[in-house]
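As structure tokens, the structure follows; a few thoughts come after it.
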Amino acid sequence: MKRRIGILTGGGDAPGLNAVIRAVALTARNKYGWEVVGIREGFDGLMHGASTVPLPKGRVRDLLARGGTILGAVNRGNPFSHTVIAPDGSEQVVDVSDQALQRIHDLDLDALVAAGGDGTMAIAQSLVAMGAKIVGVPKTIDNDLAMTDVTFGFDTAILTATEALDKLQTTAESHHRIMIMEVMGRDAGWIALYSGIAGGADAILIPEIPFDIDKVAAKMETTRIGRRGYGLVVVAEGAAMLGGDQHYYIGDKGSAAGRLGGVGYLVGNLLADKLDADVRVTVLGHLQRGGQPTPRDRLLATQFGHAAVDLIAQEKWGYMVALRGNDIVPVLMTEAIRHLKAVDPAGDMVRMARDLGISFGT
Amino acid sequence: MKRRIGILTGGGDAPGLNAVIRAVALTARNKYGWEVVGIREGFDGLMHGASTVPLPKGRVRDLLARGGTILGAVNRGNPFSHTVIAPDGSEQVVDVSDQALQRIHDLDLDALVAAGGDGTMAIAQSLVAMGAKIVGVPKTIDNDLAMTDVTFGFDTAILTATEALDKLQTTAESHHRIMIMEVMGRDAGWIALYSGIAGGADAILIPEIPFDIDKVAAKMETTRIGRRGYGLVVVAEGAAMLGGDQHYYIGDKGSAAGRLGGVGYLVGNLLADKLDADVRVTVLGHLQRGGQPTPRDRLLATQFGHAAVDLIAQEKWGYMVALRGNDIVPVLMTEAIRHLKAVDPAGDMVRMARDLGISFGT
Amino acid sequence: MKRRIGILTGGGDAPGLNAVIRAVALTARNKYGWEVVGIREGFDGLMHGASTVPLPKGRVRDLLARGGTILGAVNRGNPFSHTVIAPDGSEQVVDVSDQALQRIHDLDLDALVAAGGDGTMAIAQSLVAMGAKIVGVPKTIDNDLAMTDVTFGFDTAILTATEALDKLQTTAESHHRIMIMEVMGRDAGWIALYSGIAGGADAILIPEIPFDIDKVAAKMETTRIGRRGYGLVVVAEGAAMLGGDQHYYIGDKGSAAGRLGGVGYLVGNLLADKLDADVRVTVLGHLQRGGQPTPRDRLLATQFGHAAVDLIAQEKWGYMVALRGNDIVPVLMTEAIRHLKAVDPAGDMVRMARDLGISFGT
Amino acid sequence: MKRRIGILTGGGDAPGLNAVIRAVALTARNKYGWEVVGIREGFDGLMHGASTVPLPKGRVRDLLARGGTILGAVNRGNPFSHTVIAPDGSEQVVDVSDQALQRIHDLDLDALVAAGGDGTMAIAQSLVAMGAKIVGVPKTIDNDLAMTDVTFGFDTAILTATEALDKLQTTAESHHRIMIMEVMGRDAGWIALYSGIAGGADAILIPEIPFDIDKVAAKMETTRIGRRGYGLVVVAEGAAMLGGDQHYYIGDKGSAAGRLGGVGYLVGNLLADKLDADVRVTVLGHLQRGGQPTPRDRLLATQFGHAAVDLIAQEKWGYMVALRGNDIVPVLMTEAIRHLKAVDPAGDMVRMARDLGISFGT
């Protein structure tokens, strides 16, 4: 059956999104003979009639190694709770999901691939419940989605964070400093855990294991003697301090720029005070989301895009692709949204890290 | 029980060997309180009384990101078939395995970690059969060991090969050339397959799928038109041409330097002739084995080293560590040696590559 | 004449310091047959009798590509104004420069190479005035030393900053954001200027050209339309805003960790307010000082180390090496300290940047 | 005066060509208000009526970091000696330069920027002599153009070669091998010299200093003992052996693929024979020409493109831009073509390399 399918990307940036777009376009065309169009700006663009982008072979050829998404992605725009300005000037939240459905129809799309995080999957799932033909590609750089072993973007984030640790280490060593590096991970500490082990950190602080700042200070004291005077601490942005105010705002709490930062500076200041040490804090921030995807992320994104087109051929609406061991499998979006994958404080990786001498501040 | 354990590395170089050494030393010391010594030059060094290296914490601290092995590794030296010069000047092959056993005893080692490829595992296994207390860490950059999903060094090789493809692509595109890149993989095409997909190759030639050079030429002809005149071909060094002399020696077949190269030049010359095209050949060679390990390889090597020490604690002599899904598991060395893990010509990855439009020359 | 010379490193970290140490050791030994010892922790270590490090060939072999300094470096310790605790518990500043001279004598050093910034050069110069035999190697990652075209570490900092901009750009483009990146440069905007041009920034804010935040906002407004909605701003940490409070402290002004950041957040907050835009701020911080030096920095550091030994052979005490065009030349330390090399607001590079469409906020 | 100018790229690939195109387009538009069109496939495309490419801001925005040239480049196509097939089937060489002039007129171009090597400059110069309004941007990755201190692409080539050396070193060290790396440099040894020093080579063989293979072998013998058994040799492809057949062809001399390689394998085979050592040869080849330009090359390419547009405004036909110290200056193309810039065997850089213990095989 000749089909015309659409693809949109939603939520935060992740290296590999463009590789998904490329794989969807190539697979649909080569394997099934379908036409593919890109929809700009995610579900928000879909609702508001953003322009579409034809995706012939020549258009997607160079996307494999390119960071970001050529379709744009926004962190807003839920058709089920859409904010509009009423005639009296007040803001009102309305359900415009039928407009989204209508728009899919108007664009003459037989099916839609939605690549995004849990927010995007939740919208997609609700639209599927209304009859839309949507399959999903999961995206979360934090690696906290339960139904898939890993998602694209995570490997690139680990590489960026580990290379940053490598750089900080030479300065830490030369200047006998304690270097704190804050990485992404609001709810799960995967990036901190993996980059911390790979980058030779002395302490790793993650949301799943609340830390005692005095234990961290004690570890640093030991480490500084053993390592000729320096120490490396990786802190996930969602790390929780026992008995403490969890965050340390930079700038104006209410402003856009003011939101960045937090626990890294908190840990830095407390260690500086407790140890009378030379402490420096680095917040990796958006560097972790950008740049060219690693080969592994290019491969996984390609596998996901390819499998999503197969899901459409199988008419498995409401399913998204996932990685299980070495296999790409379909899982229900509803399942994927429900569960968060957290680091197991008693699991193999944490236990190994402790055996190597890494402290979790406990 | 207080123990003194040894570690040696054998076979070809692979990024991550030093991270294994570090993990063994740290785990033995921190978790079990054991002493660790390094034995230089693998089993060859063990037999010949090569000097040992104490491995305290300070000695292994900087090894995580360092390529190669500080213990040295040689591709020769089997105690079971050792070549000696007889008094009459003739070469004789003798079994000196009892010397190796004696040397382990003389060094006062309670157990030994042997990190290496199938040759190293075979020797280790035979020594275990004679009563030696050895556990193994598998190492093969080609990823062709059956009992483990993946080994360290493979991810770094993929990164090096993919980055090289990225570089070749810009020149191929600017000059409308066909670029051939030969990568490692004597018996299995994993590196070619993974880097070829991740690097956007038009054709991938691997040992598991004998190729028809006319089919490759036909693909290139199509590609050159579609891609504004260029094409990328990745060739595993063990790729087999249908009906052809398999290799194309460079230099003197018998000499050390003359062994390099082969099928890449063969494919290049044939395509140049058949297509009257501008063709260039690049042989990646040893670049794939060197350099800093990727974070993923540092992590896997660390997991392997850590688990090997646990195997010693459990006295599982003759076992080696392996990766299965997300778990590190022990497998019998005898099992690991017996099976080669080849690319499945009908498997998911090859099928996906074909769907994307990649040719395997068939 | 057989000599025994010492080398010390002072001030902030810079990629290439280890390459200087290597070049000094190899040149002294190979060319002149001299012995070389390293003095730990700069002039502070010299005064306090820090241990010395013999530097034979085998010790310096692997230093070329290694970041930081194996000798350690501290940002304190001036023998001419040394703080001591008096018997009554009060702090006193005393001149202990004669102790430094004595220590050079006690270590049996015929001459000393001091690698460091203007602080280190100032101390060295004063000691030379007292009779010490010292030559200098200039080090400033900010590239603000007047007497040399460029110093090692600068090229590596530019690479790190440009790669970071490349990463931020993909996210900026995908999310239609304004990304602010704060780089080093307290008194001179070289890193911001060079990385900004090389990384495709839309605006570059440097100390030499005070900026009007409304002009920056106006540029961003134009840029966002032209570039499908995103913009990149590079801000030197010493950039000065017209009519504004110059800095924006993060955390506690008095604490160690609290010192980081500043004008980047200030610009970010103001732009977010003025444009109602999605703005993100990244502070590169210590990432710019760390890591492996680029080939160019390895080469320049090697040239400097080599030339410094020649200066000793010529007994040019009080001179330091410098780069002029393609030549390494000796300059008086006193000259070098006196002048700062600032970006010329009317110079070729700024003019070119303006021609390309880059705004300086004026 | 409102103008419409063209730009073409010729000769071999070099990282930075796209940055030149971008700088020409942005400068022409922003500074002068001119229109810019790209001409595909160099002078060959100009003659044969290849399609032109409009270069508005949106088209050139992403070119700064992109390798290769979007305009294509060919190594053939001289209007002054053009090969045509005569009616009788024979090949004839004819002068079609008037067609090239006519084509410039037909395209309504007021002036032309020609970016390329000495071949491209020679054609441009001859056309200028016939009345064409052309300015030049020099491009030679080998850095062998006399009138400019350096050209773009060279820094990227050095980075690629040095990173490759870093990788080979870990294997060389682990396996006690001699590693040979052949780099570009047919007539001048700049890449070998700079990457060899920056990468810690033990011997560097360049065209300017004919080498004695026995001297190289003797150096390797010494080095292997001192360095625990390994050595690194960098060989320029044009290196000349004293008393020897200069080249060592790989494959069929006459074929396209067969041209690659040469002296690297020759040196490798001879050292393997003379030393009974384990020797491996790597030919970097086209990896050196590809990939993203370094920040320094992006900057220089941008400066060149910007200055070329200024040359047009000044109507300096027959001039090309060049780097002298820190200045961009105009030089006559005729001057630039005449002189090759070779490494001075008695110059500072070679002398320093010798002082560090590097052998040139003499």
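Should a chain be cited, it is by its letter among A, B, C and D, assigned in written order, with residues numbered from 1 in that chain.
The working rule: a residue touches a chain if its C-beta (ideal position, glycine included) is under 8 Å from a C-beta of that chain, and two chains touch if they have at least 3 such contacts.
What you see is a predicted model, and the numbers here were worked out from it, not measured in a lab.
*Asks:* Please tell me the distance, in whole Å, between the geometric centres of chain A and chain B computed from their C-alpha atoms.
*Replies:* Between these chains, centre-to-centre, one finds 32 Å.
*Asks:* Please work out the Cα centroid separation of chain A and chain D, and write it as a whole number of Å.
*Replies:* 41
*Asks:* So, what's the distance in Å between the C-alpha centres of chain C and chain A?
*Replies:* 35
*Asks:* At least two other chains touched by the same residue of chain D: list those residues.
*Replies:* 166
*Asks:* Please classify the inter-chain touch graph. Allowed labels: line, ring, star, complete, other.
*Replies:* Graph shape here is a ring: one loop, exactly two partners per chain.
*Asks:* Per the touch rule above, enumerate the chain pairs that touch, sorted by label.
*Replies:* All chain pairs meeting the touch criterion are A-B, A-C, B-D, C-D.
*Asks:* So in the complex, which bits of chain C are touching chain D?
*Replies:* For chain C paired with chain D, touching residues are 23, 26-27, 30-31, 57-58, 61, 64-65, 149, 155, 158-159, 162, 166, 194-195, 197-200, 226-227, 294-296, 298-299, 302-303, 306, 325-328, 348, 352, 355-357.
*Asks:* Please output the residues of chain D touching chain B within their complex, sorted ascending.
*Replies:* Per the touch definition, chain D meets chain B at residues 9, 12-13, 15, 17, 66-69, 72-75, 160, 163-164, 166-171, 173-176, 179-180, 228, 248, 250-252, 255-258, 260-261, 265, 268-269, 271-273, 277-283, 285-287, 289-291.
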